[in-house]
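A, B, C and D are the chain letters, set down in written order, and residue numbers restart from 1 in every chain.
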Amino acid sequence: MIKVGVLGAAGKVGSEICTAVEAAEGTELVARVGSDDDITDLVTAGAEVVVDFTHPDVVMDNLEFCIDHGIHAVVGTTGFDEGRLAQLRSWLELSPGTGVLIAPNFSIGAILMMRFAAVAAPFYESVEIVELHHPTKADAPSGTARRTAELIAAARREVGSPPMPDATSTALDGARGAVVDGVPVHALRIRGLVAHQEVVLGGPGETLTIRHDSLDRASFAPGVLAGVRAIGQHPGLTVGLEHFLDLD
Amino acid sequence: MIKVGVLGAAGKVGSEICTAVEAAEGTELVARVGSDDDITDLVTAGAEVVVDFTHPDVVMDNLEFCIDHGIHAVVGTTGFDEGRLAQLRSWLELSPGTGVLIAPNFSIGAILMMRFAAVAAPFYESVEIVELHHPTKADAPSGTARRTAELIAAARREVGSPPMPDATSTALDGARGAVVDGVPVHALRIRGLVAHQEVVLGGPGETLTIRHDSLDRASFAPGVLAGVRAIGQHPGLTVGLEHFLDLD
Amino acid sequence: MIKVGVLGAAGKVGSEICTAVEAAEGTELVARVGSDDDITDLVTAGAEVVVDFTHPDVVMDNLEFCIDHGIHAVVGTTGFDEGRLAQLRSWLELSPGTGVLIAPNFSIGAILMMRFAAVAAPFYESVEIVELHHPTKADAPSGTARRTAELIAAARREVGSPPMPDATSTALDGARGAVVDGVPVHALRIRGLVAHQEVVLGGPGETLTIRHDSLDRASFAPGVLAGVRAIGQHPGLTVGLEHFLDLD
Amino acid sequence: MIKVGVLGAAGKVGSEICTAVEAAEGTELVARVGSDDDITDLVTAGAEVVVDFTHPDVVMDNLEFCIDHGIHAVVGTTGFDEGRLAQLRSWLELSPGTGVLIAPNFSIGAILMMRFAAVAAPFYESVEIVELHHPTKADAPSGTARRTAELIAAARREVGSPPMPDATSTALDGARGAVVDGVPVHALRIRGLVAHQEVVLGGPGETLTIRHDSLDRASFAPGVLAGVRAIGQHPGLTVGLEHFLDLD
């Protein structure tokens, strides 16, 4: 049984994580810490791993406390730049058995989609991305689509892929999408949808399509639990949940 | 048995139509007329219906001959503007039992997709089009995608649909596609594909997707045969195969 | 403004309908009636249309009351057999201006999918249905899939379609799905899904796919509102929301 | 330039391979050997690699000749059982620098689909396979679908996945598909299709779908060329093209 404390337990995401930790096998919820609670509750409760979905303003203080007390941390809070990562590394040097995972994306499906797209890309002449989201989203394309495009582009560069074939000579503005690192990306905004992405790869006579559909925010829970289970065996700083998944 | 003559019989499309007419029930191929052959062969052979997939330069002469001789015509040749259609109508007035079908698209699937998209559009807040073609296509979006967008837009106007919801405030150029008559259209160019289109409609909690995949040029044959079978009962000029299909 | 009362307002579906009626343009929620409330509240509040998502045990009493008082009814409660429909018709004869809509399915997307599948089926050699649901569903295939298969089969019979081509000579049990009225139906049960269905139609060189994705139970609200808005112009008994939608 | 000879060059597949070898960079077609030709032409022409798409009756003689003469072989001919593979290994021991690749499937897309499905399966509660083919196919499900199911089942066993959730209590025969090694497999037979397969994986709130569409038999050419390019660096016997692809 891994003893788990949750920081930001009163928030929407935090409370869903509490539910998931309680329901999962092998994990036990020992502390729910909200913004009005005392972080030392984690120590009193004997938490071995902390999950932090809080706020950029407080996450560094939280992590300093956890590292100081030898508590591993799985972090979904955003806002980590190189400076913050360097700070975390220097703290972790002083607490060599402790592990911290910083993950921008806990959706295992999104991680697998990105990985598979990058592995497949060198085998195909053409690769494009279609992402589909609810119409209240502010940015287009999505961060996941941009990241996928960058990974595809890097994989193509590594094997020296030629530019994709495209004989378009007459086009309406925007018809061929946005180009991210050489990869066309198309963004749909449709009422009723949540968060979806499709990567379409094609070569002579065949196509391969990898599609991820996120229908509910609960989809991050399995990724968080995977992080909680693995962090004890990964001392030091890890950026990206993919490093804990067996993808080979 | 309907006796069918084919004009442009030596061409790629024409020869496939000959094969289809021979294979189909209820039709008999009585004349294959190429550019070096004499069009009067149609009369000698007793053709009741002619299929014309020739060239804009010769199609008007072909049709004048057919109408003069009371032979119905099913026409896939392009280049018909208002002037040509008016000319056809005046010829047909002098041969009141004869029918001519001018159809820009003989794919029944494409016709059904456009029709269903237009019927469904008024019931949904969001509608977007994704078309996917081989990378040697010159125009983007495709003519079918543009036409679909226009039909959707007309259907939405008729019921007074409000603008589609879209909160995008930060976007890369092209990410949200080309806008045709208010409808976003996205064009993918992927090696291995032929001609494909998807219309995605969405409202609260649900989406409806209508997809047409054309995998082989043989796909126009059923539409041509439907035209051949129906033209005898439709004297005068008809533009668009959809008028011969029972779509209600 | 149509004045609307909701019967079963305390239930899960009923309360979502209350929210939808309040949010919609042209409708006003004037009465929420739960199982402990007095149905005469509807009259006091001046309800013109009632929405009934209650229980087969009480719905007939509810409808007798509504018809007696000249209140139109839009009914999603199940359990209507021929006897109950006949009873409703005889009550409605005594209240000639009143309308009752009994609808087994208020999802406009599901209705459109079924309609389009039936319209398209006669044009294709092959038609199969794939339905995908959450794994806690008890029946396979779904009621919607069975109904879709029946509508497709009827449309094919009407035009004399030959049996579908299928050269399968060696098959594992179940590989080719369940056969409903001659139409193969395949049921997937996948964690994370809600309710989805795809109808795949194919002819020489092309396929047409019609897919409905229901991602949230909110998807019945637009259909209920369409019923509420139309019922005043449809006195008598109507079975099936499709009769109120402009589908031609 | 790799000098390539093609055995079975007069056949449908063989002649397409000749075309592909001629068109590709880095390969040169030096011998086309049909069933009436002399296999010693390969030696005269200086072939370094042979591609064999012939017949189970002649392939062993072909390979004995190639191995004897130190010519590498890339083999798509079927019918290799353990006895034949053992025979090949013993011949190859006597010609230690020579490589033979026996591959049941040269479609890179099919290989990637199978690989990705197996990698992803341990992360999901539910996995099912839908394969779609032309209606003249004799077996259901396809060999690729069966193989995919076996790979998924093996990956799930390795991590101790529990049985998939499925609350179905009332089902029509066949509705839930064929069960291959615990994995439901559904086979559609649709006119107009070629060879297609979709693997649907689902967990709480999300699904991942991997789809392979083979639209043209030309789709095996890139896989054959990948084999031709790699075989020189892989002496001995290799079974399965996946061993030559960089999939990690």
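Simple rule for what comes next: a residue touches a chain if its C-beta (ideal position, glycine included) is under 8 Å from a C-beta of that chain, and two chains touch if they have at least 3 such contacts.
Small disclaimer: the values here were computed from a predicted structure and weren't measured.
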Path length in steps (a step moves to a chain that is touched) from subunit B to subunit D: 1
B-C or A-C - the one linked by more C-beta pairs in contact: B-C
Interface residue identity across copies subunit A, subunit D - same or different by half: same
Identity of the chain that, by mean CA position, is farthest from subunit D: C
Geometric centre distance via CA averages, subunit B-subunit A, whole Å: 46
Inter-centroid spacing, subunit C versus subunit B (mean Cα positions, whole Å): 34
Centre distance in Å when subunit A and subunit C are each reduced to the mean of their C-alpha atoms: 39
Junction residues of subunit B - those touching two or more other chains: 192-193, 203-207, 213, 215-216, 219
Chain contact graph, described as a line, ring, star, complete graph or other shape: complete
Interfacial residue positions of subunit B with respect to subunit C in the complex: 107-109, 112-113, 116, 119-120, 122-123, 203-219, 221-222, 245-248
Subunit C residues touching subunit D - in the complex, by the definition given at the top: 124-126, 128, 130, 132, 135-141, 164-180, 184-193, 200-207
Parts of subunit C lying in touch with subunit A, wherever the complex brings them together: 192-194, 213, 215-216, 219
